[in-house]
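Below, chain A partners chain B and then partners chain C, in two separate complexes.
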Partner chain A sequence: MGHLAMMFAAVNTGLLLKQLFNATSAVSLLALVAIGLFIIFGMMKVINMAHGELFMLGAYTMWWLLARGINFWLNLLAAALVVGLFGVIVERLIVQRLYVRGDLSTLLATFGLSILLQRGVAIAFGDRPQFVTSPFTGGPTLLGNTYPTYQIIATVLAFAVIAAVVVLFLKTDFGLRARATIVNPAMAAALAVNTVRMNALSFALGSALAGFAGALAAPLVSVVPAMGLDWVIRAFLVVIVAGAGSIWAAAGGAAIVGGWEAGFTAIYDATYAQITVLAIVWALVLLRPRGLFSGTGRRWRR
Partner chain B sequence: MAAVTARQGWARVGGLVWNARGAALLLIGLLIYGRLADPFGLFIVASALVLSLLALSVDLQWGYAGILNLGPAAYLGLGAYTYAITQRKITAGSPTYLAFALAILFGIVLAVIVAFPAFKARTLPVYYALITLAVALILQRWTAVSYDLTGGSNGLVGIPLPDFSLPGLDLKMTTAEQFFPLASGVVVAAYLACLWLTRSRFGRLLAAIRDDEEKVATLGYDVATTKLIVAAIAGALGALAGALYAPLAGTAHPSLFGIAFSVQAYVWVAVGGQGTLIGPILAAIALKLLENRLRGVSADGYLMLLAAVFMLVVIFLPKGIAGLFDAQAVRDRFRRSRGGPIALAPVLERPLDEPHG
Partner chain C sequence: MNNLSRRRILQLGAASGALLASRPELGRLAAAQATPAAGPPITIGLLAPVTGVFADFGDLMTKATNLAVEKVNAEGGILGRQLSVIAEDDQGDPAVATERARKLLVQDNVDILMGTVSSATTLAVLPLVNEAQKVFFYPLDGEDKTCLPDGSTNPLVFGLGDTPQQRLVSFVPTIVEQAGGDWYFIGNDYVFPRSVNAVAIDFLNEAGGTVVAEEYVPLGTSDYRPVIDKIANSGATVVFSTTVGTDGVAFTKQAREGGLFDRMTVTGVATFAPEVYSGLQGFAEGVLTADRYSDQIDNEVNAEFVAAFREAYDYQLPIGGTAAACYGAILLWREAATIAGSFDPEPFAKACEGLAMTLPQGDVEIDADNHLLTQHIYLLRIENDTYQIDEDFGEITHPGHEGCSVV
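This part shows the complex of A and B:
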């Protein structure tokens, strides 16, 4: 009897560890998507509804290049580059025209763009899921559960890129100018920061991050034209939960939203997990309308 | 209030009739169409009319109050499933009245629940847009997995036509063509109700909130409650559209909650002109007939076309395509060219901090 209890405990620890790993992996990708959205939202006060489709484009770039026999790791960079360039075009053609008008027309125009991209990809490649094979098979086994090597590497890589973005924002000259533009665009412009260029650069950076995240996630999810919608809504919930107060808020909000969703999915069911996430966001909006980690925007200063 | 002289009274009645001329013309047009069209055409226009209620709900929120609900289809789906499930569960008597009442009630309840934190806590306007989008998506998911209640991803089929029979009065609908007069009547009534609402004091308050929310709040108006009321009315309209659409289509499917219906409603409003009410209805009929003509084109292609039109309208024609033909704007342009008193307006309309050139 005691033996059985011990075995049961061991199984539970193993399972718990596995779920914890899955949650961490989900959070890392979500944070990567959300941080791009954060930079664009913080910088330009613009909501980019097409952010999820940029993620989708990243995944499709990976799939398309991989099918042509190009190296997986090169494709990761290519996806970031392609989607980043696409972001530049979107910024030039749409966002720059609209954002003096206030954020709602940008939101509507990018909403239209997201449908356009989603259906365009559906026409080009079909609605069926495309499979991207990861460069690794199998993985280490711990307490009876296998941990896929690719998932481990993707998680580490996602966190590394997030860390790089944080360093970029907090330690470099570019970051200083970017944060100055976020906190007070008029003053930054007066101090010879080219805010129009900063906006364009941060839009490109946010887009590139979404494209990279899409390519990185491609072997872990099914690649379909509508895949972006799920991610963009999650990333927006992160923004709402966390508030666009600092670069750290993205990570904190992603941990709450992604962690809860992964945990609840493991225990019960994916649809109800999303319903509970929405309920939490609903309550948080009522209690902390500016987000959990918002402050006064002061934190961008350091 | 001062006494109204007979002359003023007649002027008011005249003004009301003049304001409602759109409804009269619409009704006459629909009557003529109803005489001439074949059953399939009647079906197409009836579904355009029913779905134009959803566009009206978008126009009320976006065009008049300046709030964005990106998931108006949530109410379409909710109304459709409420109608279908009520008709299915209640077999005694005629549940039609109950089905419509429940649909509208649920529409109002959902709208208030969704909007409450976003408006009461005075969040950024984008939050309402994002939360409504998420609610529509999650309702769609939930409907697709709840097989017992909603039939899951197969949806519900064989939804009966409404039976408005009262004791001693047989109003049971037997063919889908009979839907056309019902849809026409409901849409004209909804249009008149919205017209009355937007021309009232409440409507002026909405326009003021759209133009400068802070100022309205400073003047002592309850901005949050006003927006909540608009959201609730829009929810009721959307749910009514769903409750009419389910029997017309004969089926209820999770895609009713989907983004295609939401985008379609926005396109109708953008094309017809925000804040015009009649514009979205006319755009609904015209574009639905066009969609029917383009049946050879794929559904994806049509949705892409809608999205592209929508983007172009948002970017280049903030007042909608109808804004091009706006009588007032044309008059202004004419007067401006003659150097009349309007000439200063374009300078003043521009925000002061916007760089010139």
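This part shows the complex of A and C:
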């Protein structure tokens, strides 16, 4: 009953704007994580269970470098590079050797890797939360609500990186080959696309995006070995909704999952937000089993 | 050493231990002479979740217990016998806790069992303790689980954590006085925040305050911003948080950045625990909270404990009640066993009842009536990386078996 009163009291322009900002910011970070997962899944049909741990490694890279006095913005770049390189190693040592054997082997291998990474980081640095803060405190106030400067910048940065990935996929030679590999790996290989190299590159790109997202989110959240779980679960929901079709679908899926959770929490309750988002995912999978925007996905096949 | 000879030695140990135990005067004689080899070691079973969600707590429990055992052993042990710890990882999981507790109680046949962090694991261990008729101390769980289903006191179970009733009885009216009575309750969606809030709301109503809203967020959520802005625009003057662990850290960071601290008084329990201070740091500056321990407490036992803990583990962060409680438990046992002249469950547990002494957290007394620790509760202010003592609410006793839960 308290909630219902809150719902009506919430018709407050200042709060509404702030909640729209919160939702936008949440979607931007989730989209970064989900697009990384989507690229790896779409390209290689590998369900990367360690994606949340790649996110975590990005946050720990940020923390570790920050504690050594290295510039925050450089660390964002470093996190993407370090985790991207780590992705290359994982692809070479584990995924490449297994994925010919089918989805289950790579799923189990990356699941094992996620446990290994979580416990490894816990042994190296402890389970306690590590301290990461952004270079800014507070931010501008609009209609009584504070818009933290860092959250504004992080949201813009996240969307800029997503835009860059979309351009990479839709406008470049690499993108053309990547899309060809996604649609039909055998045919792409027959047409002289080096699919082994494409796989390594896409795993690196997906990992780098997760690492970047982890570093970007680190000042907002608790930096602990298990921090990736909440993100990877929601990113999987996004990929389930989006299907393996197009990169736009992944972005759209993130908007639905992230936007619904933030919006429903804002007007009602966080527990019900997390329950109803599952109902929405279920409904979308029933209605569009081949993925969100499966119509536009066909364009890639031309 | 091969398994056979180890087992043989354990059997011999158990036999001579039983002899000593059956003749208390022999035990006292041994203690008086303080000969290190007056008997086989007293074995302490420690159930500490060193992996899983409570890993950090399990780690601190293990460290503090080992530190206290080293100290007691260096000072001649208990009744002339050395202490030895057998630690098991309950992973914070009730099913694992049951299995590990059985191993400690039956296979290892420990003299005393201590441990568990969460309410669920404590409840899982209780039936085994009753069956094995061993003394069990739960040092952290702040819920009354020392009763039997018929409402009487379980003779062998003792709780050292402070209950919500103890922690909040003076704290809630103090905050109402300082910051007003319109409270927004935000916590994680499981039993602990809900039971703490139920108690807090009673005290709030008594103090003339009102509940603006009571809201729960699933454990493991990383984005609290939509909730924080709801709170910020709710008209509340106080937000009382029971978001725990990593959730509490995320909540505090986002609340600070989003300007919630500028608009109302942010307080709570568990959210601002020293155990997660590594992640909070400056984000929690100026926060008022209530606790049974701060490493700033001024007494000799605490000074020794803090110095030893910092040195042994190169630990620079604020030390919290988790470590202090486990260290204190060992000191309580030495006192009780010396009085009883035995580590036998019955006389030992009897000696624990009403036992009063000074521990790192100040003067305490094991309440003879409900087996919970009567202890000081402090109003703490987080300032410059320390938990400063703003006010000592004095020694507070949990009322009878109010809110007791056992299965």
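Note that in this section the second predicted complex is superposed on the first by the 282 of 302 C-alpha atoms of A that agree within 3 Å, B and C clash if a C-alpha of one lies under 4 Å from a C-alpha of the other, contacts with A are read in each partner's own complex, and residues count from 1 in each chain.
The rule we apply is simple: a residue touches a chain if its C-beta (ideal position, glycine included) is under 8 Å from a C-beta of that chain, and two chains touch if they have at least 3 such contacts.
Note that the structure is a prediction, hence the values are computed from the model and not measured.
Sharing chain A, do chain B and chain C clash or fit in the superposition?
These partners clash in the superposed model.
Applying the touch criterion given at the start, work out whether A:Q19 contacts chain B, chain C, both or neither, answering first, second, both or neither.
A:Q19 contacts chain C only, not chain B.
Which partner, once the models are overlaid, touches more of chain A's residues, chain C or chain B?
Ranking chain B and chain C by residues of chain A touched puts C first.
Classify the contacts of A:T133 with the two partner chains as first (chain B alone), second (chain C alone), both, or neither.
After superposing on A, A:T133 lies in contact with chain C but is clear of chain B.
Please indicate which partner A:L176 is in contact with in the superposed arrangement: first for chain B, second for chain C, both, or neither.
It touches nothing on chain B or chain C.
Tell me the contact category for A:L237 with respect to chain B and chain C: first, second, both or neither.
The answer is first: A:L237 touches chain B but not chain C.
According to the stated criteria, A:L229 is in contact with first (chain B), second (chain C), both, or neither; which is it?
both
Scan A:L116 for contacts with chain B and chain C and give back first, second, both or neither.
first
Applying the touch criterion given at the start, work out whether A:T271 contacts chain B, chain C, both or neither, answering first, second, both or neither.
The answer is both, since A:T271 touches chain B and chain C.
For A:I280, decide between first (touching chain B), second (touching chain C), both and neither.
neither
When the two structures are overlaid on chain A, which partner does A:L108 contact: first (chain B), second (chain C), both, or neither?
A:L108 sits against chain B, while chain C stays out of touch.
Quick check on the output: what are the common chain A residues between the chain B footprint and the chain C footprint?
Residues common to the chain A contacts of chain C and of chain B are 119, 122, 229-230, 269, 271, 274, listed in rising order.
Can you tell me which positions in chain C touch chain A when the two form their complex?
Where chain C meets chain A, its residues are 51, 53, 55-56, 59, 189, 211-218, 220-223, 225-227, 229-230, 232-234, 245-247, 249-250, 253-254, 257-259, 262, 275-276, 278-283.
Would you pull the chain A residues touching chain B in the complex into a rising list?
Listed in rising order, the residues are 47, 94, 97-98, 100-101, 103-105, 107-109, 111-113, 115-116, 119-120, 122-123, 186, 229-230, 233, 236-237, 239-240, 269, 271, 274-275, 278, 281-283, 285-287, 289-290.
Across the complex, what residues on chain A touch chain C?
Going by the criterion above, the answer is residues 2-3, 6, 9-10, 12, 14-15, 18-19, 22-23, 25-26, 119, 122, 126-131, 133, 137-139, 141, 144-146, 148, 150-151, 217, 219-224, 226-227, 229-231, 261-263, 265-266, 269-271, 274.
Which positions of chain B touch chain A when the two form their complex?
Touching chain A: residues 66, 68, 70, 113, 116-118, 120-123, 125-127, 129-131, 133-135, 137-138, 141-142, 145, 259, 263, 266, 298, 300-301, 303-304, 306-308, 310-311, 314-315, 318, 351, 353-354 of chain B.
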